[in-house]
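Presented sequentially are two complexes of chain A, the first with chain B as partner and the second with chain C.
== the complex of A and B ==
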């Protein structure tokens, strides 16, 4: 079952939080939702999870029984122990006894949470608690799991473990839709949705997005056009559109673009298109 | 720093309301409510001389019932059913004025005025012969304590889910909003019920307050009152984003109950311009039930009105809170329906 959105718009008060957003999340794949702060990532995920209904368009999501959700924050009840969290959420999905143990054990083992069953969730580290939240979201083996920036603020080791768990979920056929602020994570996704002020300005696989980049990216110490350049370490990266007669930097050094470059270029183009601030 | 504080305050409308509007409201409402002086007392006259006594009583006694065929038991029933505060029985010589001691200030005023009439009338204070303040206060205080615990604790319990972000997790789980509300409420209901038993038993033991009525009837009234209180707690949680806001709102709600519920100042002494608020407050009806059952041994036949009103309040508070909570958990129907996967 492919989930996703068709031409979805969401208004929150007077603000267009999502505008005409479409994407598909195939089974057994990761769809990464990226974009700047306030671009609409959380609204998109909340809408996909059924917490916000669209004003226009269609959301295709499974029934609640087959949906998992990890909100921003840590996604567990801090006054309950790890085991009690598992029992509560499992119970809500009709899991108990041996079925619950069978569902929870492999998840907790992959999360490195074996042996901490009697610890309060509130006493776990941020990374451990996020992994517990992921376990809770995956306990009932959902068809679609929606994760809102699960790796933000998590240490590198826990990030690796979380990604291993996400890969396991994908291998079992679950469709994962996750917001992330890390481009290296987005590059691992099967498809990427780049949001800019509520609009999906790029949608597709990372490879496709990279190959469709209009023009090239150069490295320079003296950008020719500051409006198309951005800092990269001690130097600058500059976007040179294909059909452009603009001056290239004198020390321009072509580089292989990455998803971050593609995102920045798309945002620059969108800002040009809507005439907004850069 | 001062400017920053003012800017923050300006955007915190609830605190601003508390700072600017509340003092004025409190002054006006409580200024009028804070009145121990009883202007008139509802009175009955029974027995063969009922008409004569009714005609000769000072104007302070507002004779609303005259029953020449009645006797002492008729008088007591009128007091027990809270129909009047004073009932004069003229079958005795001199006539006996029975005074309802469960209405403390009214009874004190009645005893004082009757005393000034000389020996022409015998005064018999029922239900609280020594006019002990604690006997009247303790039944009402049990309600106030429960209202405080029930409203604040319930609202905080639900707001905590929102603050921790787990409310959204509950919303995506296959749990109905009603079962989430009940799941949250039942533990508080059980604990508050235990509190109720402890507070009432302790009140009776420590202050020697009599318990003359049917404990089952008292428990029923207390349960209805708790439902109202917990419903209001849920309601407060649905309009609060933080624990601080929930506590602030709970106090907005609790403060008037203390002074306007008839617990401290007699309802009869509160002018109608303010008294109508008293009749909107659940503690007013709980106080009627608690004092009626505990002190006067009143039965359901005489307390049906407060029971009925508390039942309606329970349905409204709980229904309203559940509906609002549903809105939090399950968004309104979309303009264009979404497709669950199985139908897609």
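== the complex of A and C ==
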């Protein structure tokens, strides 16, 4: 079943935390939620997980028993051992005895957490604790798992391992919706939602977003328009909208746009700093 | 002026029997932006603490502007830690005034986006603005040495691009910049990279130098789930990439062989360079 949101708005006090957000998360796919801190990523995930009620719109999610959620931070109890964490969360889903062992063992193995069952979660490294949190969220084989920045601040090696675990879950049909602060992860997702002050300013597969870019991206040493340009190493990348009356920098060298480029362009347009064609 | 604005010579730090940094040598020239990469525990933070004079080396030398990181040398140092190092109870302008006073320099102008927030306590402004302020605070004494820890984390793609403009401006003015990071996006903005593992520098140079010929094989098939299972069972480092399957550091022919029995229909196999993160994962697997 496809989960997601249709025209969802969430107000927290006077603040519009989410405004008119729609997206779909297909079974067996990763949807990456990106955007700055405060853009609404956590609110979107909490709303999808049923922890926040939308003020408007429809949220499609599985029954609570088929949903997993890993909040920011580490998602485990640091004063319990790894085994106790597993038993506690398993118990909440009615898993115990051999059924719990069968569910936990392959997850822990992929996480590189076998043999540390009696270690306190609080004594694990950040990367290991994140992987434990993911195991806990996946223990009951949910149809949808919602992960809030599981990889932020996690070192690259643990990040690769965690992505491998996520891939494993996806391969067996789970829908994964995750917030990430890393563009390279978003590029590997089946679809991406870029949030900017509560609004989804880009939604779709990375390939589609790249091909829908209005105009092109060029490399230059002297941008024609600083507002539409940003640094790339010691040179600049500049967005040249398709409209023909806009000047290109003289040394413009077209480059293949990437997800970061199209995200910056979307943010520029949303900020209305530049009068690009609408 | 020395070409080695930041220099580590056989820099070593042990804690008891644990060797946190074991003989690290590198330098950063004026105008250069160098990225320091490595997993947690690789020794990045300890190296930075020694360079900033916060920790004495066990042996070897840490130098700033050709001398030890003394109090005097540290006047030429700008540092933005991960926690930003701002006073959350003070307002935006008080933070700026405090650090200007400490360095004995005039208070610089607030960046455009911060001007309307000057009287608000730092704890009440968005993280993106806090980062801009941390930069303004660290840069107002025009340091010759700039050390940044994950400088663009949490600000979104456009915010990150604007902060990198700021970093490049400082390098353009002649500052030597050392960026410690976990983010590939940040690594790829640097002129040169140093990768640490278990207290030593294991690779340096461009992205290509770091990846050092490690390959990734991308497999496109309608039935990617089956391909994923087979390759995962074979013990390969396998990951999803959109709806392709990606295998790091394995032979393409071997992969084709493994998949021949399970995949009907078209099979697209492409070999490409691994990413820096993948290279690090491969290194850590072989330890």
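The criterion applied here is as follows: the second predicted complex is superposed on the first by the 271 of 278 C-alpha atoms of A that agree within 3 Å, B and C clash if a C-alpha of one lies under 4 Å from a C-alpha of the other, contacts with A are read in each partner's own complex, and residues count from 1 in each chain.
Definition applied: contacts are C-beta pairs under 8 Å (C-beta built on N, C-alpha and C of every residue); 3 or more make two chains touch, one makes a residue touch a chain.
Note that the coordinates shown come from a computational prediction; the quantities given were computed from them, not determined experimentally.
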{"item": "Partner touching more residues of chain A, whether chain B or chain C", "value": "C"}
{"item": "Contacts of A:267 with chain B and chain C, given as first, second, both or neither", "value": "second"}
{"item": "Touched partner set for A:92, first chain B, second chain C, both or neither", "value": "first"}
{"item": "First (chain B), second (chain C), both or neither touched by A:171", "value": "second"}
{"item": "Partner chain(s) touched by A:225 [first = chain B, second = chain C, both, neither]", "value": "neither"}
{"item": "First, second, both or neither for A:183, with chain B first and chain C second", "value": "second"}
{"item": "Contacts of A:49 with chain B and chain C, given as first, second, both or neither", "value": "first"}
{"item": "Doubly contacted chain A residues - partners chain C and chain B", "value": "none"}
{"item": "List of chain A residues in touch with chain B within their complex", "value": "1, 3, 46, 49-69, 71-78, 89, 92-93, 136, 143-144"}
{"item": "For the chain B and chain A complex, residues of the former touching the latter", "value": "164-166, 168-169, 171-175, 330-342, 344"}
{"item": "In the complex, chain A residues that touch chain C", "value": "28-30, 34-39, 125-127, 152-161, 163-164, 166-168, 170-173, 181-184, 188-190, 194, 196, 205-207, 230-234, 260, 263-264, 267-268, 271"}
{"item": "Touching residues on chain C, where the partner in the complex is chain A", "value": "37-42, 126-128, 153-159, 161-162, 164-165, 167-168, 182-185, 188-191, 224-225, 228-229, 232, 237-243, 246, 275-278, 280-281, 284"}
